[in-house]
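Common to both upcoming complexes is subunit A, partnered first by subunit B, then by subunit C.
Presenting the complex of A and B:
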């Protein structure tokens, strides 16, 4: 009990409590991440020797005729993918959340059903929609015909012009429940008196929403935004399931995640290149980290005063 | 604000607000109901058609199975030609073990961060929180090398370790928030009675049970559904999880519609049953995870 214990050393029990989590997390999360960033500065020679090449891999990705078109293509597609989620998924989520807060029957039922697809895996969702949209099966065409819009049907997933938008909307279909429940939780957290006071002042529902409720849920808008950003720039599974690693047609659905996988493991004619793959992951790291830092230091600081 | 003006509001015509309320309610039902239909329709189509003969799948896709069209041929193919049972068992082991250790290690670390004011507390907390936002996937190139050096490629243990590391940051963050709210008196009383610090941890754990439940659900789903790490770290037939197994099976049997629809249904059933049982907790846990 009464051993020498200097104030600066960690008491044994604190060490015991922290050690397992810190050890597993460091070995399998932070160490690989940092080591992967280190590897992105190397090239592997045909002999298997690693040679330090500085930023060459990154410069290749950005400028070389072999890699740059794929990199910029994947980045552009990923931005489109993200913008569609921000605009479509999060607006629908907000609309549904607002409707869920109105009084009426079946609100819990609706919420439960709409949230359901978020628990399914990308693999299941990807294949389900592959079948539903398949011209072979004709389910979507049948539905469109029944409302007189049969002529609008196209094999959207197969066309270069529409494949990316279609995959983005499938992902929106799957995840709209997340912004919905987050916005819902924020909306029901607004004190009733605030809204009542505005109503008494003669404000319409439209005004109450945009002038009072929306500013009050801005912190949640930020959370939804950053969750969407991180999730989207890390996406891989859905495109891989529907289109495979080549992200066709003609790379039109290629995202940073599929580019990372292809570069690392190789594809039909090209051998995998681990260090160049690490550089793609490094790019994703830079993008995601910038988003997170912007959220923490710009968005959170700016909106703090209006937080509930 | 202006309570004086309150009396003037109800003076308007009573009928038109009532009518407006009615139409706005109908509109709310229409939109929510329509969207709910959109959410279940594709899933229902798969399940319904998995129980039909091939020609009825194409002939009458919207009809429910009847004695004429009913067939289990797809399910027979899945059970005879895939490793469904093995894949399912792998997923179960990986998910259960990983979630158990996320909660055990996570609650221990959260307790240390919430309870003791040691030098560097905030730095350790920040360090452990980085993984909430930075996806573990980005370190895959080195992780695969590391796993291969440790002989953990194509083992369930390899997957479990990665998922523990992936789940810990959020678990620690949420649990330490909850543990901070436990009154100090309780712990001090136990200390006066001579309880060790380990005993105090054991005392606190049941008090944060709701948070532990939320984390269990919250971390379980992404592990069960993950495709990336099974594909990269454990792609062998013996270690494939259900998500990877289904992905590979569907790729091979792409033109056997009965088999594809049945495999999809089988893969959905466990998670959907769980969802029907725990949907309210799941929804609440998502809210807790993101907004805490």
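Presenting the complex of A and C:
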């Protein structure tokens, strides 16, 4: 009797507690996102009236000779940007985390120092690296000369062949602390007995890492991967601060974010096109959503945290 | 990688903000509400706010220009409220849409302001007392295409040219070059000496290559207004000789630029030149104030070189800045009073001398005190004036001509595009949307 009554009463307190978050989230996240997607299906007439055009903006973006080269170029650059982060940032992050779990001196110091760039503003990071790599005032050329490699110096940020890679590596420098901390937290969560048992069985450190530690932190590898993916396909600030909205030279550093900014807000004499810009944002949403879904339904289903 | 505030969220918020329907702006009451009967509107103090992108000029407006106006019109208080140049167009649009923009709007030349006028944000100013002080050339940039309606009071233009380090020229026994042959002879001598970098410019920001390169030296090839109007009428193409030759000159500059110029930004180049490490700097009159403050050597200027000595010369005398009235202002009478004053000879003289390098467009010649500014403006008597060819009409479509000129001009100097390829890409881009160019 008592049980029955409790089940049938409306659990008002649950709604009360959920309401603030739901309201704020709906108002500031869900509604703007849906409205942005709605906007991407419209065109604005010269008179300022919005007119429904269906998927025309998306078709233009993917196929028209005016916009398609920029879209595919930005997507290609974004993929390069992402691959560099996955390969360089996340492997270095893992390596650093592993080193931090060994019993060396000054671990806390290094952990803090390596994490520090993450909290710096993009503007500062862009400015610092512009100076470091500057052919006029930078230290890079001098340092290379002092070790006899001066002839290797190039204005990397200004060359079509190297600008994107250089900016990717600057971003890696800035954010390597995040995978490091996540991997570190996962690694120190591995019970000492497991590793001791392996050592007793004669496993080398190499084997212990690849056969025991790495499989145990696979869920974290997935989390780091998806965070990198989402972050990279939203990236904008670093390119904007270093190269401006035109993402030069010759669009070689153009990412989805800079393409969106240029399309939506305009650039110098180019007037902004809010509806086409919304379509770029819509494509970014679709790309990120498919990545997240792939992660949730493929990776997360296969990789289960190993119970110890 | 991880961002505390995802860019997408910010994006979505902005989209939502911009998607808000425009609130109809009620006609502003100029009279105080009934009940405050005793108050006299004419005696009330009114505050006008000026929107501008010229944040560098804030002290000059506050200390020189506005006090001069307020002395004459003590009932009107004026506040100069600038936004960062790169954000100005976007911020201004949002403010106008939301009905929170200032009473007076600083106008960019041509299409950006025309669009604001067409949307009803800028008031027509044809009947403004003082408008008769400006020539049609000065008013083109802020008038409808048929030149029937003008919506901003022209304030100033900037003139392109080359600055040089006089000390370096004296030391090496060099003369100001007037032809291209002399120009390269001078550069070769500076290069052979090795003390100075011959030509200071970077291509990292790209706009210098287009604005200080292409638009600076090109008018001599395309014969100023003649060539500019021929492009608009579709009678000339960017693949024609004058344009290709301009890019060919830019390509030759590569050998004289500082090492690593591909990643040198505008402020880097300015600092490098004013530190006395370079000899020649292609740019425009707007640098006068900064260069005179920072350089501890005497500065000289010379005009863009011509092909043969005695050739007719053309300069880029680009109409750049004007002031208009927010159509929704609550104080139209006072705003017009201020604009009439801006259209006066008194303002022209004040402005031209407070900001050397920004040349008043007023029909009465202004007595300038700055020597370099005087020399720049004297070129108007020797050469024919024109404006940057991408600003009027030709940047209305996509791909945007101005952006494309930045991209290809930088690429030509970097050596990743040939002048011929650059010309072809620009012409093809223009033909994709501009009907007269397709003939």
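Assume the second predicted complex is superposed on the first by the 284 of 308 C-alpha atoms of A that agree within 3 Å, B and C clash if a C-alpha of one lies under 4 Å from a C-alpha of the other, contacts with A are read in each partner's own complex, and residues count from 1 in each chain.
Please note the rule applied: a contact is a pair of C-beta atoms (placed from the backbone, for glycine too) under 8 Å apart; a residue touches a chain by one contact, two chains touch by 3 or more.
Keep in mind it's a predicted model, so treat the numbers as computed, not measured.
Colleague: Of the partners subunit B and subunit C, which touch A:246 in the superposed model: first, second, both, neither?
Modeller: Only subunit C is touched by A:246; subunit B is not.
Colleague: Check whether subunit B or subunit C contacts more residues of subunit A in the superposed model.
Modeller: Of the two chains, more subunit A residues are contacted by B.
Colleague: Touching A:85 in the superposition: subunit B (first), subunit C (second), both, neither?
Modeller: It touches subunit C, and subunit B stays clear.
Colleague: Kindly classify A:13 by the partners it touches after superposition: subunit B alone (first), subunit C alone (second), both, or neither?
Modeller: After superposition on chain A, A:13 lies in contact with subunit B alone.
Colleague: Output check: A:21 vs subunit B and subunit C. Expected answer is one of first, second, both, neither. What do you get?
Modeller: In the superposed model, A:21 contacts subunit B only, not subunit C.
Colleague: Which partner chains sit in contact with A:234 here, subunit B, subunit C, both or neither? Use first/second/both/neither.
Modeller: both
Colleague: Identify the partner contact of A:31: answer first if only subunit B is touched, second if only subunit C is, both if each is, neither if none is.
Modeller: Both subunit B and subunit C are touched by A:31.
Colleague: Quick check on the superposed pair: does A:209 touch subunit B, subunit C, both, or neither? Answer first, second, both or neither.
Modeller: A:209 sits against neither subunit B nor subunit C.
Colleague: Under the stated touch criterion, which partner chain does A:285 make contact with: subunit B (first), subunit C (second), both, or neither?
Modeller: Both partners, subunit B and subunit C.
Colleague: Looking at A:121 after the superposition, I want to know if it touches subunit B, subunit C, both of them or none. Which is it: first, second, both, neither?
Modeller: first
Colleague: For subunit A, which residues lie in the overlap of the subunit B contacts and the subunit C contacts?
Modeller: 28-29, 31-33, 35-36, 39, 118, 137, 178, 227, 230, 234, 236-237, 257, 260, 264, 274, 277-278, 281, 284-285, 288
Colleague: What does subunit B use to touch subunit A in their complex?
Modeller: Its residues touching subunit A are 1-3, 5-6, 9, 24-25, 28-29, 31-33, 35-36, 38-40, 42-43, 45-46, 57-58, 61-62, 101, 104-106, 108-109, 111-113, 116, 118-119, 124, 127-128, 130-131, 133-143, 145-146, 161-162, 164-166, 168-169, 172, 196-198, 201, 221, 224-228, 243, 246-247, 250, 257, 260-261, 264, 267-268, 271-272, 274-275, 279-280, 282-283, 286-287, 290-291.
Colleague: Considering the complex alone, what residue numbers of subunit A touch subunit B?
Modeller: These residues of subunit A touch subunit B: 8, 10-11, 13-14, 16-18, 20-22, 24-25, 27-36, 39, 92, 95-96, 99-100, 102, 104, 106-124, 127-129, 131-132, 137-139, 142, 173, 176-178, 181-182, 185-186, 197-202, 205, 220, 223, 226-227, 230, 234, 236-237, 240-241, 257, 260, 264, 274-275, 277-278, 281-282, 284-285, 288-289, 292.
Colleague: In the complex formed with subunit A, which residues of subunit C make contact?
Modeller: Going by the criterion above, the answer is residues 1-3, 6-9, 11-16, 18-19, 22, 89-90, 93, 110-112, 115, 118-119, 202-207, 258-265, 268, 272, 390-391, 395, 398-403, 406-407, 410-411, 414, 416-417, 432-433.
Colleague: Which bits of subunit A are touching subunit C when the two form their complex?
Modeller: Listed in rising order, the residues are 28-29, 31-33, 35-36, 38-39, 46, 48, 65-67, 85, 89, 118, 130, 133-137, 153-160, 171, 175, 178-179, 227-228, 230-232, 234-237, 243-244, 246, 248-251, 257, 260, 264-272, 274, 277-278, 281, 284-285, 288.
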